[in-house]
Amino acid sequence: MSGGLGRIGVVTFPGSLDDRDAQRAVRLAGGEPVALWHREKDLRQVDAVVLPGGFSYGDYLRCGAIARFSPVMEPLLEQARAGMPVLGICNGFQVLCESHLLPGALTRNDHLHFVCRDQRLRVERADTAWTGDYEQGQEITVPLKNGEGGYVADERTLDALEAEGRVVFRYAGGNPNGSRRDIAGITNEAGNVVGLMPHPEHAVETLTGPTTDGLGFFTSVLKRLVTA
Amino acid sequence: MTRTTPAQRPVLDTVEHASGTPGTDQPWAELGLKEDEYARIRDILGRRPTGAELAMYSVMWSEHCSYKSSKVHLKQFGEKAPESDALLVGIGENAGVVDIGQDYAVTFKVESHNHPSYVEPYQGAATGIGGIVRDILAMGARPVAVMDPLRFGAADHPDTRRVLPGVVSGIGGYGNCLGLPNIGGETVFDSCYQGNPLVNALCVGVMKHEDIHLAQASGTGNKVILYGARTGGDGIGGVSVLASETFDEEGPAKRPAVQVGDPFQEKLLIECTLEIFRERLVAGIQDLGGAGLSCATSELASAGSGGMRVELDTVPLRDSSLSPEEILMSESQERMCAVVEPDKVDRFLEICEKWDVIATVIGEVTEGDRLEIYWHGEQIVDVPPRTVAHEGPVYHRPYERPSWQDGLQADDPAALPRPANGDELRAAALALIASPNQAAKSWITDQYDRYVLGDTVLAQPEDGGMIRVDDETGLGVAVATDGNGRYAKLDPYAGAQLALAESYRNVAATGARPLAVTDCLNFGSPEDPAAMWQFAEACRGLADACLELGTPVTGGNVSLYNQTGDTAIHPTPVVGVLGVIDDVSRRTPIGFTDEGYLLYLLGETREELGGSAWSQVAHGHLGGLPPAVDLERERLLAEILVAASRDGMIDAAHDLSDGGLVQALAESCLKGGKGARVVVPDGLSPFVFLFSESQGRALVAVPRSEEVRFNDMCSARGMPAARIGVVDGEAVEVQGEFSIPLSELRAAHEATLPGLFG
Amino acid sequence: MARVVVDVMLKPEILDPQGQAVQRALPRLGFEGIADVRQGKRFELEVAEPVSDETLARVHELAEKFLANTVIENFTVRVEDGGTSGDAYGDARGAVA
Amino acid sequence: MARVVVDVMLKPEILDPQGQAVQRALPRLGFEGIADVRQGKRFELEVAEPVSDETLARVHELAEKFLANTVIENFTVRVEDGGTSGDAYGDARGAVA
């Protein structure tokens, strides 16, 4: 990518697990992955950031609750508010909610088990920084794997999310965890910050994923960066 | 109430004190030592042992750590080891290391955590995963996958409802949090495991050749660093008899027999250790598992060239009331011990700090040949480390073929009533695939992350798990684990060979070339001559078969005393086979995905129903002889499967094992979402065709365009191959007998475990 | 309705990774002076009033058999006082959120 | 040392699958008459004595910022009484395991 565009940071917290997978996905999409370390208050001039999946700080206390206070989150919150694209996947989504960058919270799956399965999703918004390469209404299949993926918020917040079109993904073919209104992913008002429970970075190669449907997240943001 | 005041507290049992008080009564029996063993310790030391020394010897000479009953039989794995240039590190280290080419090496090992998982299913299973992962890490490898061969009591027994969900969430809770994909395992139910569930755990690790690390302490002046979790009172129930001698009643709190795992701490330990390896900062390394520091220090010192001196009071504690004996014995999880050159210590500690891992220099390598341990400046241990770690007692336990063995083998399933027509066959098929052992295991495997690390090419439900090792070249490995306690009960020699044969076949079915073996030998009490005979026979069988198949045993684990009262579990040798595949994009899955592909059955089907799934499901019967072993045939079948995968001649393959053809057919159809039409070959009864468990067989799907080439290959190599049908439609149809729609098949196969466990 | 509360905590000698993780995070959040943190579970059971000794005994049994894993956990059972206010989750003895 | 206890419970309007699972299991275990079960967290913080109002205020802040997620959870903070006995985990107000 020219002009330094396409540098996508991937934060590693202690206990992050899918950080290298997120980096691989960025690379496969044609971007330049940049490793970011939780202890450093430095985003190394990246153009966008992925908060990856995993069990940051063991997911003790609540998922994402301890990671949210990491030094790296300071510049990240600031930049995100200023419009930098940020994607939170699974644990990353939990961190974004704990940081109040996204509303609501993620709670224990209603069936109380960790669940790992290939999950169908309906794309509800194809104009966020991370979903430009999808079509509205399109169905994609990517892995889902978590123990605390139930999206909850109070009715007023849920109504507002719907009214403002901030639900980006909904579960299709069965709700896997009791998420309110089948919500799998949401965005902030500006559409630059997206969080979702399923794992697009695990659906970028036919060999290792159920599909390559997840690649679109990363190509979307790279395109956005070029045209921005 | 009389209480000892601190003033009355006995003096620290130092070496000097022990030398001066030869007549002191010591609780050797409570610590599980035999009288002659205690005498031998006195003999070795030339005095009575101190409390700390007694604690060390007793735990290191236990069955679990010293293999004293099994050693004489395990020897065969080395003696009969086949020539293999794939073996970089053989038996005896934490785990064997196998060369897979392109400068990569792989290490893998299976271990048991049976008893702890019965007492506390969640933590027992979780710490089982934690322990095996540290073993692999200690070899210098990055752990890349785990597997979990499990055995439980009857599926509908109330205690299974306690044990199974706990074990599964423990394995998932720990493995998922470590970020290791679970790529396979086994789930077997049999009332013989009631009260003695088997929780075995396997880990695979990958490294470059030059990264192999060994557990040894050499180089005088090198520092011994303990790093990871603080030491607490875990798993030292046994030595509290010592503690109670040295402390007043208010001293130590109750010592838990149960260990609690902290997978987050272990994840940090892994990343930290790998970074330390990358910078080449360690001269030797050892994980802390059973017997804790006693084991780590004595093994490191024993394997190295010098001695070792340890200042035990520098060990970071979670509980300040621990006695020195207890610190030596503690099995607190998530700890490692490294030997580091003095000028590398600072960098070592820096990396630990980066990962928030506590690290402490606790001692150093000395010139002599003694392991010396000090407590606040006083010497409490002074022993030759080899006598603790490697020269423990060896038993030649008596063994004898049990008197009931003949009767069991004579009870042939030929006498059992069989399904006589299409309707009965259909019902038998549905009952089989819905039975707990043959049913889908997704209720379990859906609780395991199989995607993390992004290199999982095959996971459950497949014949073997497959992991990509190198992104660029596609080099990969496949691993399968198998064991059939029913077969082994009927004939332990053959049973062990059949476990190997199945695992070997499973690996080959994925397209990988089988290279090496690990095993977990789960048996009853070695003090029972019948159980000991089963054990001896299984070892002999496995060693003979490994020699014949050219796959060396690289390491493993023995779990004895799996019995309640007089009743032992079925002898259960669990065998893991590791194979290599040059390009994972050539892998062969089990699912039938393309209509029109031709179904070939490789191998020969005979009437073999002893120990079969059908005899269990339909009649609750176990008797007769297990299927015949033909290792030459297994080897040929594997060659065919690997060649067919490499040359793109097959689209899917599924080995035949328990449940026979009907099981394989159902699984492949359900996985791929396509039906199949098959015809019973001339000369076979439909029942035998569908339910026999003859070995050396596989079901493959061949694209029409490849049929000639495939047939030519089979006939050129003398492999029986029969075209039995075609991938087609929405049902499994056995022509002239019955048809089962996929939806009905799926409902039967998938409803069982959720129905039992929620 | 009365509320019976069952508190379940890991035994003191058992490792508490959750409590440890919380404690280690405290300095970073600017909280000093907390020597130890343990994390456990709290169950609130709504039962018919008045709470008889028999009910308490039964809850005790329930806690022992089901709510706590007595291999590694201790528990206490008590009737929550101050249940008179309409507040669904109030506690008179301290600051209320 | 004194003990400050922070109890954290899901807000009443938030679904509590863990509490529900317990409640659903009760009849199977032979327990009737329990109208509702909620499951939350209990934190025990060891702080220096005496516990000043300022300490309590700071723990309150800690709970609000960190121990609880106030989007979905309520909490209470209180100093545990009965802390005089030597028992590491005792509670005077009910049956003790």
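By letter and in written order, the chains are A, B, C and D; residue numbering begins at 1 in each of them.
Just so it is clear, a contact is a pair of C-beta atoms (placed from the backbone, for glycine too) under 8 Å apart; a residue touches a chain by one contact, two chains touch by 3 or more.
As the structure is a computational prediction, the values presented were derived from the model and not from experiment.
Engineer: Between A-B and B-C, which chain pair shares more contacting C-beta pairs?
Structural biologist: Higher contact count goes to A-B.
Engineer: Centre to centre, by mean C-alpha position, how many angstrom separate subunit A and subunit C?
Structural biologist: A distance of 34 Å separates the two centres.
Engineer: Quick one: report the Å distance separating subunit B from subunit C, using the average Cα coordinate of each chain.
Structural biologist: That pair's centroid distance is 39 Å.
Engineer: Of all residues in subunit A, which are in touch with two or more distinct other chains?
Structural biologist: Residues 57-58, 60-61, 69 of subunit A touch two or more partner chains.
Engineer: Give me the residues of subunit D that touch two or more other chains.
Structural biologist: Those would be 66-67, 88.
Engineer: Could you say which residues in subunit B touch two or more other chains, in rising order?
Structural biologist: Expected reply: 253, 262, 264-265, 356.
Engineer: Which pairs of chains touch one another in this structure?
Structural biologist: Here the touching chain pairs work out to A-B, A-C, A-D, B-C, C-D.
Engineer: Please name which positions on subunit C make contact with subunit B in the complex.
Structural biologist: Touching subunit B from subunit C are residues 10-17, 20-21, 24, 69, 71-72.
Engineer: If we count contacts the way the header does, which residues on subunit A are in touch with subunit B in the complex?
Structural biologist: Those in contact with subunit B are residues 14-15, 17-18, 20-21, 24, 53-55, 57-60, 113-117, 143, 145, 147, 199, 201-202, 205, 207-209.
Engineer: Over in the complex, which subunit D residues touch subunit C? Could you list them?
Structural biologist: Residue list for subunit D touching subunit C: 1, 7-9, 11-12, 19, 22, 25-26, 29, 31, 33-48, 55-58, 60, 62-68, 70, 74-79, 81, 88-91, 93-97.
Engineer: Of all residues in subunit B, which touch subunit A in the complex?
Structural biologist: So the residues of subunit B in touch with subunit A come to 169, 172-173, 176-179, 262-265, 267-268, 355-356, 445-457, 468, 471, 584-585.
Engineer: Would you mind writing out the residues of subunit A in touch with subunit D in their complex?
Structural biologist: Within the complex, subunit A touches subunit D at residues 61-62, 65, 69, 97-98, 103-105, 107-112, 150, 152-154, 178.
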